[in-house]
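Got a structure here, written out as structure tokens. Questions coming.
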Amino acid sequence: MKRYIIFLFIAVLGWTLAQTFRAIPFGADRRGNLDQPDRVAAFYLKESPETLQTANSITAIVVNFRGFDTLGEVTVLFLAATGLASILYRKEEDDETEERITLISSSLVRTGAKILFPLILLLGIYVFIHGHLTPGGGFQGGAIIATGFLLMLITYKRFDTNHNLMVWLESLAGLAFVATGLYGLFTYGSFLQNTHSVGTLNDLISGGLIPLIYIFIGIKVGTELTNILDILLKIKPGKQS
Amino acid sequence: MVISPVHYIVAPLLAAFAIPLLSKIYKDAARVVPGIVLFYNVIISFVLMKQVLKQGMINEVIAGWQPPWGINLVLTPFTGFLAAMISVMGFIIWLYGFRFKRTLKGGVVKYYEILQMMMIAGSIGVIITGDLFNMFVFIEIVGITAYSLTAFYRDRNGAEAGFKYLLLGSLASTFLLLAILLIYTQTGTLNMAQIAERMPEVSSGIKITALVFFLIALGIEAEMFPLNGWAPDAYEQAPSPTSATFAAVVSIAGVYALVRILFTLFDVAGVHQYLIVMGFVTMLVAEIAAVSQKNLKRMLAYSSIGQVGLVLIAFGVGSPLAVFGALFLMLNHAVIKSLLFMTGSYFIYNSGEKRLEGLNGMHKRLPYVSALFSLAAFAIIGFPPFSGFWSKFYILIAASDQKMIFLIIGILLVTIIELVYYLRSVGRIYFAKEEMQDIAHKPSVNALIAMSFLALFIIIIGIYPDIITGYINQAAAALLDKTHYVQQILGSK
Amino acid sequence: MNEFNELFIKYKDLITLAVYGTAIMLIIIGLYAVLLKKHLVKIVIGLSIIDAGVHLLFVAVGYIQTGTAPIFSPGYENAADKMVDPVPQALVLTAIVIGFAVTALALSLVIRLYKHHHTANIEQIKSLKW
Amino acid sequence: MALILFLIIMALILIAAAIFAVMQKDLLFAVLATGIISVVLSVFFYVLQAPDVAITEAAIGIALTTIIFIITIRNTSRNEDEYTENHINKFDK
């Protein structure tokens, strides 16, 4: 009985979605008037190269126009890592030896990982430093860095992420993000407000505080994701409580 | 330094990011710092409240982009009132739980404190933001912290309750995202004031779909029937200060989000009737379920859902007096229900028994706590001269103004149900025989202060409701005056 | 990209179906898994499939016929009128990261439940009333 | 024409992978199917002029989500239909 109700619900939902999105034509221009913006899309497309001198308008939105969302999002990730730690891994209580599981252990892979690791880190750093110019940015770069650490974590049993350093980096990056926001609040009267000297479009140093904030986001996201992976990899399979 | 609404969010965030570092330097940082931050929030909420009542509204712009282009934080008398209420409750719950953390070992305190503090900060964020997507982000912050805290005790039921909550919560966020997407395609903006302004142009099909999605999503957050399956388990399994926070903070934020979206964004007829019906069903089902509960915290949880149902009914009636009653009830619910959870958890702590039998004869062991519990129980049923009486009274008056006879009968009926199960618990405390045990756990001083403060509040408001009615009146007026809200935010372009 | 634009206009219905239809199908399939599957990991897989569908829907809604990516790289400084809507993309970035956070938390709860019950089957776990 | 065909084939792969992920009893393969969903989805994003989203989906969806699922499966059971014979949970209630 419950099964059929659920099927009915899913069918109704699918039908509703289909009907609704038929009224929203695919590929139509919904940005509004670009010269005198009446919708936010047009406004962002206009202001991002003009006022902010930021080539990647998505970066401009994520870091500046809607930077508060991003602060919240970084917090969500931080809280997820905290929650994960509280649910799974309690050093003080479990008295576990800090031994990780390794998924792969062929020597070829290990050598490969050792070579790839710095390259992946460099790629990640490149991605978030150029976040305001090319596609990519803090989240992407952070995720790439975490992938690099992941590679090391699953191939080397004794690879240590230097937990202390990670905690410091993560906290300081988060604090620096908030502090940059507060700089805007105290200098210009609005939280996260960008500086007025924004450079010129498509220079590496352009967009005012945007690249700086994106670097903080990159470090924060990278360390948080690595932290999450580290916690998950430290679970002992088969341990029962 | 000028105090502005953004401090509500920034102070807890700074603390949350700094606690892992600070606790390396000072061992007790994780326990002390959140208290300082939450107390700071209490202070700024009084300063800001004063300012709001003078100016009518504070509209703080983030990143220097005026609304509707950027994200803005709005403090009206309505949101300011709720934010102040949550801040005060947050601080009191912290004070109550200060000793509780002693029983936790080492590093776990840090996790608990960060999550608890951010749950309160996130709820304030939901309330003060003026941007739809930003509200989604804050709802996610509250959600993530709430799931983790529900599963905080690492027993089997905790994890299960947490998983259940997470499942419904993620479905809620899916529907919320879909609704936001629909609204965005039609209005081209995410600012709530501008959406409200442009809503009449939206075609009715999409409007209804978006409304239904919002109702599903926020119905889950606001514990509305039949989407509240997560609530009793989460209330039961969470640590006691967290249960109190769920009642006093999270449910308030959920109801706020629902009301803000229905009242400000949409102009669809029939929403009020829907709220009345759903609120009534929620209330009735929850209160009937509460009677049959054998577990104290579950009983309180169902009672909590019932109160939320009554709040929704009052919002549904929609007249200024009813909204006034609804806000008053939200305040009372936050204060009284958290007092019930606080005292109730001491009973559980002392008897080691989660079931109602654990209450037997508690007045001998914990006379003061028992008195507080009974006081709160009487207050929530609505006995004069406690504060709970006034909120119910105003809602009944508002319903009778609208000639809603069935509603009045229904509310009175539910009150009788409440009477049954609360009196039953109080009766157990005072008249049932217990198998004697040694006095084990006296409440600590900080918990006593927190609980006494709440009890004092209940009595004082009960005798002199005028202290608070002025504020609530302005808050209700601010919620209902939609055009003023829109003009104030968009006019400051 | 010019060739694509002509084809786009010609086969608009087909492409609309391919994009919107896929997104809605993903949401439906994911919802099926979440509501009817019994294994906890399957339920979480369902959640991530729903997320994928919603994200696709966001990006699809922001797409504009003959549009380019909203990046003012050299040579495209004045090409704003050709650019797709950047807002849904920015929102999706946020949503993806939040989705990952929720998935990680969900899986940690799955692991914890398995440790307690030695099963990940929801029917064997229900010790609370559902 | 090739592009249109490409798009449609990708859409079909997405749906097929999703159905496979839901129906497959061996969870490891189901998880790999969600990985494929992420791969195709990021190509989809790229075609729809969203390179930023494509990179994010590639980094988070393909690598990180898949690995945390695999870790979970390692710590739980691999077979969906597996009913445990170990009825400990009935005794220590």
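Order of writing sets the chain letters: A, B, C and D. Residues in each chain are counted from 1.
Convention: a residue touches a chain if its C-beta (ideal position, glycine included) is under 8 Å from a C-beta of that chain, and two chains touch if they have at least 3 such contacts.
Note that this is a predicted model, so its numbers are computed, not measured.
Visitor: With chain centres set to the mean of the C-alpha atoms, which chain is at the far end from chain A?
Guide: The most distant chain relative to chain A turns out to be B.
Visitor: Cα centroid separation between chain C and chain D, in whole Å?
Guide: Inter-chain centre distance comes to 12 Å.
Visitor: Measuring from the mean C-alpha position of chain B to the mean C-alpha position of chain C, what distance in angstrom results?
Guide: Distance between chain centres: 31 Å.
Visitor: When the centre of a chain is set as the mean of its C-alpha atoms, what distance in Å lies between chain B and chain D?
Guide: So the centroids are 37 Å from each other.
Visitor: I need the residues of chain B touching at least two other chains; which ones are they?
Guide: Within chain B, residues 133, 137, 140, 144, 147-148, 151, 154, 156, 159, 162, 178, 185, 190 contact more than one other chain.
Visitor: Which residues does chain C have that touch at least 2 chains other than itself?
Guide: Residue numbers touching two or more other chains: 15, 19, 21, 27, 32, 40, 57, 60-63, 69-71, 87, 89, 93-94, 96-98, 100-102, 104-105, 107, 109-112, 116-118, 127.
Visitor: Send over the residues of chain D in touch with two or more other chains.
Guide: Where chain D meets two or more other chains at a single residue, that happens at 51-52, 56, 60, 64, 68, 71-72, 75, 89.
Visitor: Output every touching chain pair, sorted by label.
Guide: So the chains that touch one another pair up as A-B, A-C, A-D, B-C, C-D.
Visitor: Please output the residues of chain A touching chain B within their complex, sorted ascending.
Guide: Residues 16-17, 19-20, 23-24, 30-32, 38-41, 43-44, 47, 64-69, 71-73, 75-76, 78-80, 82-87, 90-93, 167-168, 170-172, 174-175, 178, 181-182, 184-186, 188-194, 241.
Visitor: Quick check on the complex: what are the chain B residues that touch chain C?
Guide: So the residues of chain B in touch with chain C come to 133, 137, 140, 143-144, 147-148, 151, 154-157, 159-164, 166-167, 169-171, 173-174, 177-178, 180-181, 184-185, 190, 229, 233.
Visitor: Give every residue of chain C touching chain A within the complex, in rising order.
Guide: 8, 12, 15-16, 19-21, 24, 27-28, 31-32, 35-36, 57, 60-65, 69-74, 77, 80-81, 83, 85-87, 89-90, 93-94, 96-98, 100-102, 104-105, 107-109, 111-112, 115-116, 118
Visitor: Mind pulling up the chain D residues that touch chain A in the complex?
Guide: 51-52, 54-56, 59-60, 63-64, 67-68, 70-72, 74-75
Visitor: Chain D touches which residues of chain A in the complex?
Guide: 56, 58-59, 101, 103, 127, 135-137, 139-140, 143-144, 146-147, 150, 154, 225, 228-229, 232-233, 235, 237
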